[in-house]
Amino acid sequence: MTVHTVRSLSAHVGGTVLGEGAESVVTGINDLRSAQPGEISFLANAKYEPLAQASRASAILVSTKDAPRFSFTRIVVESPSAAFGKISALFAPPPVRDEPGIHPTAVIAPDAVIGEGVSIQAHAVLAAGVRIGARCVVGANCFIGEQTTLGDDTRLYPSVTVRERSVIGARVIIHSGAVIGSDGFGYDFDAKTGRHVKIAHTGNVQIDDDVEIGANTTVDRGRFGKTHIGAGVKIDNLVQIAHNVIIGPHSIIVSQTGISGSTSLGRYVTLAGQVGLAGHLTIGDRATITAQSGLNKDVPAGAVLSGYHAAPIRESLKVEALTRRLPELVERLKALEEKVRSLL
Amino acid sequence: MTVHTVRSLSAHVGGTVLGEGAESVVTGINDLRSAQPGEISFLANAKYEPLAQASRASAILVSTKDAPRFSFTRIVVESPSAAFGKISALFAPPPVRDEPGIHPTAVIAPDAVIGEGVSIQAHAVLAAGVRIGARCVVGANCFIGEQTTLGDDTRLYPSVTVRERSVIGARVIIHSGAVIGSDGFGYDFDAKTGRHVKIAHTGNVQIDDDVEIGANTTVDRGRFGKTHIGAGVKIDNLVQIAHNVIIGPHSIIVSQTGISGSTSLGRYVTLAGQVGLAGHLTIGDRATITAQSGLNKDVPAGAVLSGYHAAPIRESLKVEALTRRLPELVERLKALEEKVRSLL
Amino acid sequence: MTVHTVRSLSAHVGGTVLGEGAESVVTGINDLRSAQPGEISFLANAKYEPLAQASRASAILVSTKDAPRFSFTRIVVESPSAAFGKISALFAPPPVRDEPGIHPTAVIAPDAVIGEGVSIQAHAVLAAGVRIGARCVVGANCFIGEQTTLGDDTRLYPSVTVRERSVIGARVIIHSGAVIGSDGFGYDFDAKTGRHVKIAHTGNVQIDDDVEIGANTTVDRGRFGKTHIGAGVKIDNLVQIAHNVIIGPHSIIVSQTGISGSTSLGRYVTLAGQVGLAGHLTIGDRATITAQSGLNKDVPAGAVLSGYHAAPIRESLKVEALTRRLPELVERLKALEEKVRSLL
């Protein structure tokens, strides 16, 4: 194993060492708070300067601009974050090696088509008509339903469930516990019997290339047609995507957000965490909805909305600030009422 | 395969073709936005008229009332939605065929009782004392715990986990990733040791006939007694049902809603998406709680509540509208203060 | 089987029977609402007195203070809740017995190290380098990734997924469907290509002794370093813990709450249900955040915060009360405007 020192790592990222201890051996990386002697860290945000000052790290990557303010051992670089990424790679544990091949306990339909270099792990189940592209990894305990297809280099982590007729592109990553293609939530109410009658969901889910889907996220199949997740979309954990939702390419959906049926998002939309969208909405390209907001109206391209019954963020922040001043406003109203009474 | 045309489909639903192209061959169905030539769609909501006008569908089902306004090829019927349902069935892919029988990789306790015509799929695990009704489907990778019973014609999609002693009725559908019967979240705080001591949850879960439970939804078992989901209740994805909750028959619980311990819902209650209910509440029959609301009080039958610390929806909407007018109200207050000052 | 009577149970908890029917046979326990003749219940909260009055239970445990107010058959004790816990244990069904041993369908890497008395159930998968402490239970369909370690007496319920290099302590309980160690949600945006580039998450998850994690909860691995859940922390169902979050010992996280990346919680923090925390925050010891609140600022030790952009609960409740009075305040403002107009 290569021995790294503060100086050798500085050289690796084209930096300059300031302070004592350039020859200290470095055995790992860590954040400012957790770092121990022998570890290296980085400062990318002024907010964390007190943590940098108190850090036990053997050296901290800092920017040229920040370097003069400090006395601790530091490696001065243009971009501490980028340099740290480069150094991280030196210390990263070797990634899990997924042996190509089909584990003997996997259950694979006779007519399934498996590409070259694929790894299918223990207890995975591939139903009739499944097609798996080259170099895919299907983790342990995954289920892939009838006629579903995976493009090349796609990875399902263990315990992913994909229902029938899903169409999944290349280089897609789906994390453990995600469910793709469950039935949409739709019923007709039968007033005669007082019962909710299930609406058949005969559509499917299409996930385009380079999508990533988080752990325990759910994506329902279309009632007819498809639920469609565009290329490059990134979806966090525990997100709900209802039937017939369309998510435009390169959109970002943060954890615990829910999108109701038939709502359509443009390209590069950002939904922060715990957002809720009503059904049948159209959200324009590059719109951003802040955390915990609720939306029940269409959103124009580029808008930044916030709040329950979300409004443009400036308006929301102003209203919120005034709401917090209500106690003072009520006092002012009372004072005024008394003055006017004295005038009458 | 039968060849369908606009005219033959119109005849199938007792409609009348207006506009050109009655002999066009139809090969599928789709929504207005996605439909291509060769596909048929429907217009059931005035909101979508522009989409209908721009649709590439070979024909669109419209109502008698709407038909005269349009010039595109249309099939005129009384209920476009119902007619579309009938036509959809002609084009639906054949449903997945679940072969009756027990897959050789399933692990089934010797004393489990399995009804006639049941399909138990690959890697399913049935523990001691399980009883499975006739014609049930237990999907791949499902786990069914000790002494749990399933009524006739119930279906567990792949990767469902049901803990011990659950009592599940007939014609129940449970979607992938759902967890039934996990321990409730309850601890006694031991002030002496500063530790939370787990409260045993020795109760169970009872799910009555015709219930549907969404993907990755969790239903905790009772502390004692049971968590009880009444007949015909429909629960969406990623919903949390805590210990000892009672949900009355035919209630609807939309995605990402959470119901805290021992809360009791009447019949035909509707909880929209991302609603949160505190524990030990009583919600009356046919009450409706709108999306993202929070409830910490009992709700009378028939009430429609909305908002954080939810209030009757009329009140909530009025308060919300006035809140948005706060900037203007504050300006008015300032103007008044100046006038009064000039009068003193 | 022992026959229990109201009198024998009263003796078991050192109580006194008041009212008729001390010799009635008791065959079970239940809550006040559901209890039938032959069952025993308890009253610990004045709110439930009407339920106690109407209960069909053969006897109800009540406190010395409450006992004189009632005429129903009651067992008088100091703490009805504690006494009920003792009686519950007499009627609890025998717990599921997890046979020590490795089920023949489990797939275990040759170099995995398995402690004494461990139960590894059907279709569980243990990858290379896994170490399992003594008396652990690994449920059916669980996956444990490379190099992950479990301390003694830890239990994974069926269908838990733990990714590589997780470090899990002793006496930890993880409920079904939980996912531990999924990748954090982080991307660098490449403006040249317009694509989100995945940031490697080479860290891991550390879960200390006596932690409990709910069903379908997700805990992401660190970008580098670790996501760390301290000793005695209790996490409910469907909670999201992002990369590099630190949760101090004995904190309580209720269902459907989400904590964003690198946020750090002190000891004995309580986050109620559906709370959302932004990233990079510091929450002080013993702070409490009420249900559905949103936090985007640091919180001092001991604070009790509430609301969207959460504020101290007193302030929040006052603002909320005044918000509800807005219709009246606007009327007062209007009246004042008219009076002032008449004065000018």
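Read from first to last, the chains carry the letters A, B and C; within each, the first residue is number 1.
Here is the rule we go by: a contact is a pair of C-beta atoms (placed from the backbone, for glycine too) under 8 Å apart; a residue touches a chain by one contact, two chains touch by 3 or more.
Since the structure is predicted, the reported quantities are computational estimates derived from the model, not experimental observations.
Q: Give me the superposition rotation angle from chain A to chain B, based on Cα atoms, as a multiple of 5 degrees.
A: Angle of the fitting rotation, chain A to chain B: 120 degrees.
Q: With over half of the numbers shared counting as same, classify the chain A/chain C interface as same or different.
A: Different, since most residue numbers here occur in only one copy.
Q: Let me have the rounded angstrom distance from the C-alpha centre of chain A over to the C-alpha centre of chain C, please.
A: It comes to 24 Å between the two C-alpha centres.
Q: Which residues does chain A have that touch at least 2 chains other than itself?
A: Correct list: 105, 123, 141, 159, 177, 216, 238, 256, 274, 308, 323, 329, 333, 336, 340, 343.
Q: Using the touch definition up top, name the residues of chain B that touch chain C in the complex.
A: Spelled out, the residues of chain B in touch with chain C are 105, 107, 123, 125, 127, 141, 143, 145-146, 159, 161, 163-165, 177, 179, 182-183, 185, 187, 194-196, 198-200, 202, 216, 218, 220, 224-226, 238, 240, 242, 244, 256, 258, 260, 262, 264, 274, 276, 278, 280, 294, 296, 308-309, 311, 315, 318-319, 322-323, 325, 329, 332-333, 336, 339-340, 343.
Q: Spell out the residues on chain A that touch chain C in their complex, using ranges where they run on.
A: Residues in contact with chain C: 29-31, 33-34, 45, 47, 85, 88-89, 91-93, 96, 103, 105, 121-123, 139-141, 157-159, 173, 175-177, 210, 212, 214-216, 232, 234, 236-238, 250, 252, 254-256, 268, 273-274, 291-292, 307-308, 320, 323-324, 326-327, 329-330, 333, 336-337, 340, 343-344.
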